[in-house]
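Worksheet for the structure shown next.
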Amino acid sequence: MINLALFGAGRIGSIHGDNVQRHPDANLLALHDPFTDNANRLAQQLGCSQMTPQQIFESKSIDGVLICSATDTHADLIERAVEAGKHVFCEKPIDLSLRRVQQCVTQVSASELKIMVAFNRRFDPNFQTLQRQITAGEIGKIELVSIISKDPSPPPIDYINVSGGLFRDMTIHDFDMARFLLGEDIVSVSAMGTCLVDSAIGEAGDIDTASVLLSTTSGKLAQISNSRRASFGYDQRIEAHGSKGMLIAQNLNENAVVSYNQSGVHSAKPLRFFLERYEAAYRSELDAFVRSLNGENVEIPGMDDGLKALQLAEAALQSLQEGRNINPATLA
Amino acid sequence: MINLALFGAGRIGSIHGDNVQRHPDANLLALHDPFTDNANRLAQQLGCSQMTPQQIFESKSIDGVLICSATDTHADLIERAVEAGKHVFCEKPIDLSLRRVQQCVTQVSASELKIMVAFNRRFDPNFQTLQRQITAGEIGKIELVSIISKDPSPPPIDYINVSGGLFRDMTIHDFDMARFLLGEDIVSVSAMGTCLVDSAIGEAGDIDTASVLLSTTSGKLAQISNSRRASFGYDQRIEAHGSKGMLIAQNLNENAVVSYNQSGVHSAKPLRFFLERYEAAYRSELDAFVRSLNGENVEIPGMDDGLKALQLAEAALQSLQEGRNINPATLA
Amino acid sequence: MINLALFGAGRIGSIHGDNVQRHPDANLLALHDPFTDNANRLAQQLGCSQMTPQQIFESKSIDGVLICSATDTHADLIERAVEAGKHVFCEKPIDLSLRRVQQCVTQVSASELKIMVAFNRRFDPNFQTLQRQITAGEIGKIELVSIISKDPSPPPIDYINVSGGLFRDMTIHDFDMARFLLGEDIVSVSAMGTCLVDSAIGEAGDIDTASVLLSTTSGKLAQISNSRRASFGYDQRIEAHGSKGMLIAQNLNENAVVSYNQSGVHSAKPLRFFLERYEAAYRSELDAFVRSLNGENVEIPGMDDGLKALQLAEAALQSLQEGRNINPATLA
Amino acid sequence: MINLALFGAGRIGSIHGDNVQRHPDANLLALHDPFTDNANRLAQQLGCSQMTPQQIFESKSIDGVLICSATDTHADLIERAVEAGKHVFCEKPIDLSLRRVQQCVTQVSASELKIMVAFNRRFDPNFQTLQRQITAGEIGKIELVSIISKDPSPPPIDYINVSGGLFRDMTIHDFDMARFLLGEDIVSVSAMGTCLVDSAIGEAGDIDTASVLLSTTSGKLAQISNSRRASFGYDQRIEAHGSKGMLIAQNLNENAVVSYNQSGVHSAKPLRFFLERYEAAYRSELDAFVRSLNGENVEIPGMDDGLKALQLAEAALQSLQEGRNINPATLA
C-alpha cells in the first residue's frame, strides 16, 4: 500500500485525493491547505487527517506527495519533497518562470525518486490509443500532428492575471502532447495570437485565440489551435497524419442519441469541460504514479517534460512578440 | 443510510454489491450465497458480513434485500422479504413460470414496500435520454420502435438449458424496453425464430436468432431483432420513429479514435458485453432503488412490469409455435 | 446503338427517357403518352418523335421499349412488346392483380427477349456495394436483414386509391430487396400494419405504417419497417447481419457540413425523396438494361422477380387480415 | 445561348468543355490546342470545331473563352481575349510570376468584361454551404479557420519542376479559400514546410508537407495543412470556428456502407482525387460563369482574387526561407 499526502485542497486536489482513496493500492494519509475551510472540508470528505508541510515531510509513513497547491509553491515543494525522500506527483506547470524551473530541475536531477509532472492528457484513453497506434507504426512515419484544444468559456479575469498567459497556462498541455506524439525535439516555434473572445483578456496583456506551428529536428510538423471559448463545449481533438494513414481522436460526447427532424439531424455536444472529459485520464495518471512507485515499469512524464513544455510556451510568446520563428533551445 | 443485504454472490450480485458500497447513502450489511467460496470471496471483497436468509429477514438493521440468486429462488425470496417487511430489488426474471409469477404478484400486491424488478436497461443513460425525449414530445406521437439486441456470443449450452429459452432469457429485456418506450399495452405478438448460430442450441429446443413484432392497443408497432452472436460486440441499439421525427440510440464504442488508411476508415467496435455496456445503468438502477427507499419520487419497474414482460415472452413462444399472432392478455 | 421507345411521359418516364438520351450507347427514337400535353412536352425536351403504340411495335428500328405508363397498362404492353419482338424494361408492378401477373409471366415465359422489371433499388450504388459484400462472404452467412423504408410524406389520397395499398405499392420494393439480399425463397410472411399518419388513408381501406417479418427456407429472417411519413426525409437504410459481421447502408444526406453550437451538433437531413436518393440508381438500371441488350452478362431483375415480390405483398396483406403467418407459395 | 471557345484540350480543359456542352444555356463552338492529338480527340468527343487563336479572337460568334492551356500562356491569352472583347474563364494561376500577374491585372483592370479565375473549390456545394452559414451568422463572428488539403499522392517530378512549388501550385487553393471564408485582408503569413514524402521533391527544391498560419487585419486566424500524400485518398476538409459555434465540412466518401466485424467498424475512404471530389464544383463554377455572362448577379472570383492568392503563396515562400512572418502587401 502506497501512502500519500496531498498539498492543495482545491478542485484538482480533490480529484486526485479522491482517486487515491478509490485506488486499491494507495491511501491518502494526510492533506494540507493553508485555506482552512477547503482543508477541513476535503479532509472530512476523503476521510484523512491534516498535517503541516513539515509533518508531512517528516512522516516516516508517507511515501509520496501530490502537489496540487498554488503554482508558485510547486518548485519549492518539489525540492523539499525530494530532500525529504518523498516521491512527487506535481500538477503542471512546475513554475511560470523558466529560470525557476531550470533551477528546480537541476536541484532534483540527481535524485532517484519518482517525480511525475501531471500532464493528464497523456493518460486519456483515446489519446493513449492514438499514441500507441503511432508507436506501433499503424500510420507509418508520423509527419504532421494537429491538436485542437479549446475551452468552453474563458476563466475569470482574476485567473487570467495569475495564469502566466494562454501559452503557459493552456497551450502548455498541447506543447506536451505534441512532444509526446512526435517523439522528437522541437526546434522551431511560430505563433500567432489574438484577443477575440473577451477584450478584458487583451487589456490584461493576454490573448484568447491562438495558432502555433512547431517543427522537429527531422522536419515533422505540428499545429495547435486554441480558443478560450467554444460555445458547444470542450473541444479536444487530435489528428496525426503519417506516411501510411491518419488517426483522429474525436471528441467525447454527452450521449449517443441522435435526433432526426425537419430541421436536420442532431446529436449531443462534446463533454462540457475537463472534469468530465478527462475523468478517466485523471484516474489513469494517478494509477500510473502508484504503479510506478510500486516498481512497475510505467512511462510517466517527468521534470524534463515540464521544462520542455514551458520552453515551448516561452518560445511561442517570443515568436508572437517578434513575428519570427524561435528555437526553444536558445531559451535554455 | 439505507442498509441492504444481498442474496447471490455471482457476477451480477457482485456488481450490485459493489455499487451499494460505492453509494454514499447505502451500505451492504450482509450477503448470503449457498456456494461458500463465492460467498467468502465477495464478503471479503466488499467488506461485509455473511448471514443466513433467516438472519437477514429477522435483522432489524436491514431495510431491503437485493435478490441476485438463482432464478428459481426469486419468487420465494420476494415473498419472504415482503413478509419480513423488507424492500426488494430483484433481478429479472421473477420466475420462468408465468403461473408462479402471477402467484407471487398476487401475494405481494397489497404491500406498500418498494419492490423493484431490475430491468437495468431502463436506467442506461442513453436509453433514458431517448425515453425522456419521447415523453417530452420531441418526435411527436411515437409510432414505431425498433430494438436491436444481440449478444457477442452464445452462452454455454448448460446455461441455455436452464435459461427458459431466448424469449424468456434475452428478449425479455427488449419486451420490457418496448413497453417502457411505447407507454401502452401490447395486444398482439408475432415471432419468428430460428437456430442459425449453434446447432447445439437447436438440439436443446431453443432458438438463437429471432425477430418479433408487437402492436399496441392504438396500433403502435415495435420490432425486436435478436441474435446470440454478433461477431463485432454487443449490439444494443434503439430506434423510435414518431410523427415529428426519429431518435436513434447508437452503440457505445471502445474508443473514439478513427484510423484512415488505404483499406478504408476504421473505428472501434461496440463495447464487448453487458458488464461494460451497462456499467452506468447498473449504478443508476441501484441509485434509483436507494433514492426510492429514501422517499424520493423515482420511477422504478415493479412486479407488474416483470409479469408483463414474461407474458410477452410466453406470447412470442406461442406465436413461434403456432405461426399466428398472440394477444398476451389471453395468457393471463 | 440501342434504339428505344418510351410509353408514358410522366415523372418516371421522363427520368428514364432522359437517361436514355444521356447514355452513349442508347437512343430514344419515340415516345407515346395518351395525355397529349405530357407527350408533347417530353418529346420536345428529349428531342424525340411521337408514335402510336402500333407504330412503335411495328417499327423495325426500335429494339426495345420502356414501359412507364399507368400500372394497368403494363401487362398488356409487355405482352404486345414481346409479341412484336421488342425487349422490355417495365416499371414495377407488372400488375396489381396477382392472377394477371401470373398470366403475363406465362405468356412471355418462352421468349428469349430481355424483360426487365425495374426494381431500381437493386441498382443503388450503396445497396449494390452491400449486396456484393454479402456475396463475397464478408459477413459470413447472412442471417438477418433489416430494411427501413419510409417516405417523407404520404401521397395524395387519389393516388392511395389506385395504388393497390401500401404492401403492393411501397413495400414491394422492400420485398424485392429482401429477396435480392437473402438469396433464398421466402416461405413465411407475418405483417402488422396500422393507420397512424393520416386517417383518410385508413378510411380508404389502407394502412400507412407497417412492420413485416419474413423467413426463408433455411430459417434466415428479414424485417421491414415502413411509414408513409418521415418528417426528416426519405429514410432508406438496410442492415444485414451475418455470422461474421454486419453491414449497414446508411442514408445519403443533403450535405457533409456539421454545425456545432450551444444546442448540440447538427448535420444535414437525408435526401428528400426518391428522385434525389435514387438518381444514380435510375442511371445505373437503365445502363444495365442497355448493356444487357448489347449482349453483356448483366444481372437484371425479371418477370419472376416481379411476380415473387407481388406474391409477398399479397401474403403480407393476407397475414395482416388473418393475424397469422402466410406462405406466399400457397397464393400461387 | 452563350457561345464559348476553349484553349487547352488536356484533362481540365476536357472537364470544362464537357460541362459547357451539358449546360442548357451554353455551347462550345471551338477549341484550340497546339498538341494536335489532344485537340482532335477532344473536338470529336465534344462535337465542336477547331480554330486557331486568331480565329477564336476574331470570331463574332464567340462570347467568351475558357483558358485551360499551359500556365505560362494564361496571362497572354487573358490580355488578348480582353482586347478582343471576349469574356474570360481562366484556370488558376494567372501566372507563376507575381510581377506578370500584376501587369496582367493592370492591363485588364479597366475592362467591363467578366474575367473569372477558376478557383473551383469556392463552388463545391459543401464549402458553399459552409460559407453561406458563416455569412448568415450561424457561428457568430468567425475567428479561426482550419483548412486541411492533402493530395492522395505526389505528382510526377516533371510536373513538380514546372509547378512553381507547393505554395503556388497546391496551397494557392487554400489561400483563396481562407480569403473566401475570412472575408478580410490577410496581413501576416508564417509557413513551415518540409520534404517528407519523396526526396526527389526536395532535390527539386520543393517541399511536400507544409503548415501555414495566416492572420487578418482584425486578428482572425487561419491555418492550412498540406501534404502531397494521403494514403487514404483526397483529404479536403474545412473547419470554421466562430464566437457562437463551429462548422466542419467533412470529406465525401466513396459510399455510405459501414461494415462491422471482429477487427472493428469499417467505412469507405474519401473520394480518390479532385476529378471525383470536385465534379459538382466544376459543373457549378462553369454554370456561375455562364449565368454571369447572362447578366445574373453571381459572385465569381476575379483577377484580384488570383493576384491575392499568389501574393499569399509568395509570402509563404518568403516566410519559409526567412523564418519570419511576412505581410503579403509588402510584396506588391
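As written, the chain order gives the labels A, B, C and D, with residue 1 at the start of each chain.
In the analysis below, a residue touches a chain if its C-beta (ideal position, glycine included) is under 8 Å from a C-beta of that chain, and two chains touch if they have at least 3 such contacts.
In this text, all values refer to a predicted model and were calculated from it rather than measured experimentally.
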item	value
Neighbouring chains common to chain B and chain C, by label	A, D
Which of A-D and B-D has more C-beta contact pairs	A-D
Separation of mean Cα positions, chain D and chain B [Å, integer]	58
Whole-Å separation of chain centres (CA-atom averages), chain A against chain D	41
Contacts with 2+ other chains: residues of chain B	230-232, 244-246, 260-262
Residues on chain A engaged by chain C in the complex (per definition of touch)	230-233, 253, 260-270
Complex contacts: residues of chain D adjacent to chain C	125-126, 129-130, 133, 138-139, 244-252, 255-262
Complex contacts: residues of chain B adjacent to chain C	140-141, 143-144, 146, 148, 150, 188, 190, 192, 194-197, 209-211, 213, 215, 219-223, 225, 227, 229-232, 235, 239, 241, 243-246, 323-325
